[in-house]
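For clarity, chains are labelled A, B and C in written order, and residue numbers in each chain start from 1.
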């Protein structure tokens, strides 16, 4: 009695083996893949490539790349701009398909309609630039609200449904705890450093209030609107009260450090923080809950920004078909199940979230599936290769608002003007 | 002369022919100049090779609209990039930030470095160990030490806030890197820590090159220590000071890692190099980014020129 | 008499205080890195001044997860190669620039300095191309070559300045005795500028040892990967997690050899005697 995923794994391998046999390759070929840095991510990637290599008879060489995505992007860009064929298959961030589009092949011919449909449509859409599929989704991420269940219980507070509820709950707890001598207690930590993470956070606030996603699918800019202004005004008002000013310098790990050392009531972070907060030795082990990020108001919506990585084949690869086949293998259902169980990498296929083995290993994943349906996508597909400029203008404007350097309305209006200039009036 | 005589005797058998050629008056000078060029040639060749092409390329791209993912389509745009650059407030802010950073950190480094060099120049037990230990801040990779300082400045689990709270100097934790003014000060402090060893070591080498005999003579003549420092040490140390200041300033004006790690791309603390990197890497604007690099070159050149003018005497004097 | 004793005592205390201050200033962050590297998991988020327990798990992890030992060897080779080439080239260049007067000397000095006046990021693309054309991509000599951009101008300048101030008679006497210029440089000038050479060598070694951006861009695999790049690869279970204890362990591993190196070479930052004879 084969389990379903084991069966599909076997099928996938047979298929790969078949392709390997049919393709007119004179002998074993070496495919180079840049995935992960070191540690478990690299290990899971290696195991995945090994099973493909065993089935097809080809070799795979793993290249480790730096942990920080900015360094990674710099490295990849340099290699690709020089037309280097050293790496065939790249692991790329969800916001890179547009930036790197000219260097990547269209994967549609290698990845049929049916295969594409097995992933979330938002992800496939996100990776499709000008009708070409630039990357196959591999694993994903989404913004979540972490809370201290013990503290909420202690003060008889519910898990907040709206940002206002979060604010009043945080204020209440912080005041009482500080009174009790815990001067470092802060209400809510998130990522407000001047970097891409702030774009993710701010997009969530604005979207939760129905303030849109800044760029319409057609490219029109809508940033300076009353909902966005009031959303950002609200957040700016928190800073200096139950949110410490330090949050303006926080990235994911800063926020996690504060939350995990027991110094914050709420935290916005990616799913990775869950396993760490619940690990042995964590001061908040067993005291943490996870929920969707709050809505803007009663009529608002839960909005979590989408993150994650896909696999893309370089235009300069000498073996694009084989590289695409390896990408297909690594992103297959069986592989995603294996990676979900062993490393908590969130699958990009809805079906995997219903898999019993996955849910048994990470009960927490079941709830992610629902959130994925309402995820907010950064407009990287629309802004294309100018996405980083777009994002920089946006996060700078938000950072100015949060640090009190500029009023929300002025700052957003100025940012909107800059975006118009950048996009030549929304043509991108 | 006693110092070099033994060397002479042991190493050189008189070579009559060359001695004649060398002593032939004006010919000597010409011959020396030719030797100088022969000796310089390898260095110049290597620099022309490794720095020549990359810099030439940057200088050329500065006048085009080159885009990293479409380099082949680059078009000549003349001074367009510079026109944009000169009107960009963020650029001027970064110039201002960089200059504030450089002046603040290099001047403190100079004072501390000179002090440390004077201490390290004295003979005492454990001097060797201290000389090694002093280099630790310089020896830790910047990418790591910058993160370390960011960690120490953290408002919740940073060591500075902890010390401040424990000692009662702070009533509540301070987010050092979140406020414009304290952020720049915090960055400067980290850089002072990091680069003072560089200054100290170069100045120490300069101190070692001062003949101890001079101090003895001064003492015999009843010159006080302060006067000896002002009239002997400082003038003789001038060349070493000049070179230490120039290279430290050059580095400070190009500061990147430290600021990038501490405050990322925040406009209020971004340096010229942070701005350049954003254009070249994040935005793929090779043309514009190259123009930025060229402007950075000019800003640095202004500083170098200022130093040289200020300390001209010591360079020309002996050369 | 008494006043003089008090004065010396005060001076000694002041000096000792300066030594202690310098020591603390330099060592504190390394000490802090050390105790952090001994901690596990969430402990790093609490401030500690003394180690709670000594665990070597982070050190083991650094060596198990990647070929850190190999990276260390690469770094050492690259740094040593860079210093060797820089000093060998610059000591002769410095003779030309520092001891001989000719037209265009200053211009040349500043042209050489000019190579150090561009931000590193600006030369990155061109260098990547160049190293590729030369077939040195992902090879140690490629890194050595790239590092000459910043070590060579520095070495040339420092040595030029130091050679310039040596009295002219030293070399003339030797030339009259028939020594070749090469001999003059190697046998006479080099010993005289030894403190400057050791200092430049140490500073250049450290600069090459710690360089990150070029090393990241010009290498691909462990074949040529150096330690700073290896440190940037350290990651936790996910891309976001930064295992701080391990990063600190790696930094300690990287810093200690340098301290030992300086300990060995610092003795050579001494000259004086010979010079004293000449000038005095």
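Everything that follows uses one rule, which is that contacts are C-beta pairs under 8 Å (C-beta built on N, C-alpha and C of every residue); 3 or more make two chains touch, one makes a residue touch a chain.
What you are looking at is a predicted structure, and each value in this text was computed from that prediction instead of being measured.
Distance from chain B peaks, on a Cα-centroid basis, for A.
Of the two interfaces, A-C and B-C, the higher number of touching C-beta pairs belongs to B-C. Distance from the chain A centre to the chain C centre is 39 Å, each centre being the mean of its Cα atoms. Rounded to a whole number, the gap between the C-alpha centres of chain B and chain C is 13 angstrom. Residues of chain A in contact with two or more other chains: 74, 81, 257-258, 261. Multi-chain contact residues of chain C (touching two or more other chains): 45-46, 124-125, 129, 232.
For chain B, residues touching at least two other chains, in rising order: 68, 157, 281. Taken in their complex, chain C has these residues touching chain B: 15, 18-19, 22-23, 25-27, 29-30, 32-33, 45-47, 85, 89-90, 92-93, 95-102, 105-106, 108, 110, 112-127, 129-130, 145-146, 148-149, 152-154, 156-158, 161-162, 164-165, 169-170, 173-181, 183, 185, 187-188, 191, 193, 195-196, 198-199, 202-203, 206, 209-210, 212, 227-228, 231-232, 244, 247-248, 250-251, 254-255, 258-260, 262-263, 266-267, 269-280. The touching residues of chain B, counted against chain A in their complex, run 67-71, 150, 154-157, 165, 172-173, 175, 177-180, 183, 262-268, 278, 281-284. On the chain A side of its complex with chain B, the touching residues are 70, 73-74, 77, 80-81, 99-103, 183-184, 186, 193-195, 244-249, 254, 257-258, 261, 263, 385-386, 388-389, 392, 395-396, 399, 403, 405. Within the complex formed with chain C, the residues of chain B that make contact are 1-4, 7-8, 11-16, 18-19, 22-23, 28, 32-33, 35-40, 42-44, 46-47, 49-51, 53-58, 68, 115-116, 119, 122, 124, 126, 128-145, 147-149, 151-152, 157-159, 162, 193, 197-198, 201-202, 204-206, 208-214, 217, 236, 239-240, 242-243, 246-247, 250, 254, 256-257, 272-273, 276-277, 280-281, 286, 289-290, 293, 296-297, 300-301, 304, 315, 318-319. Considering their complex, residues 36-41, 61, 63-69, 71, 74-75, 78, 81-82, 84, 86-87, 252-253, 256-258, 260-261, 270, 272-273, 275-276, 279-283, 309, 343-345 of chain A touch chain C.
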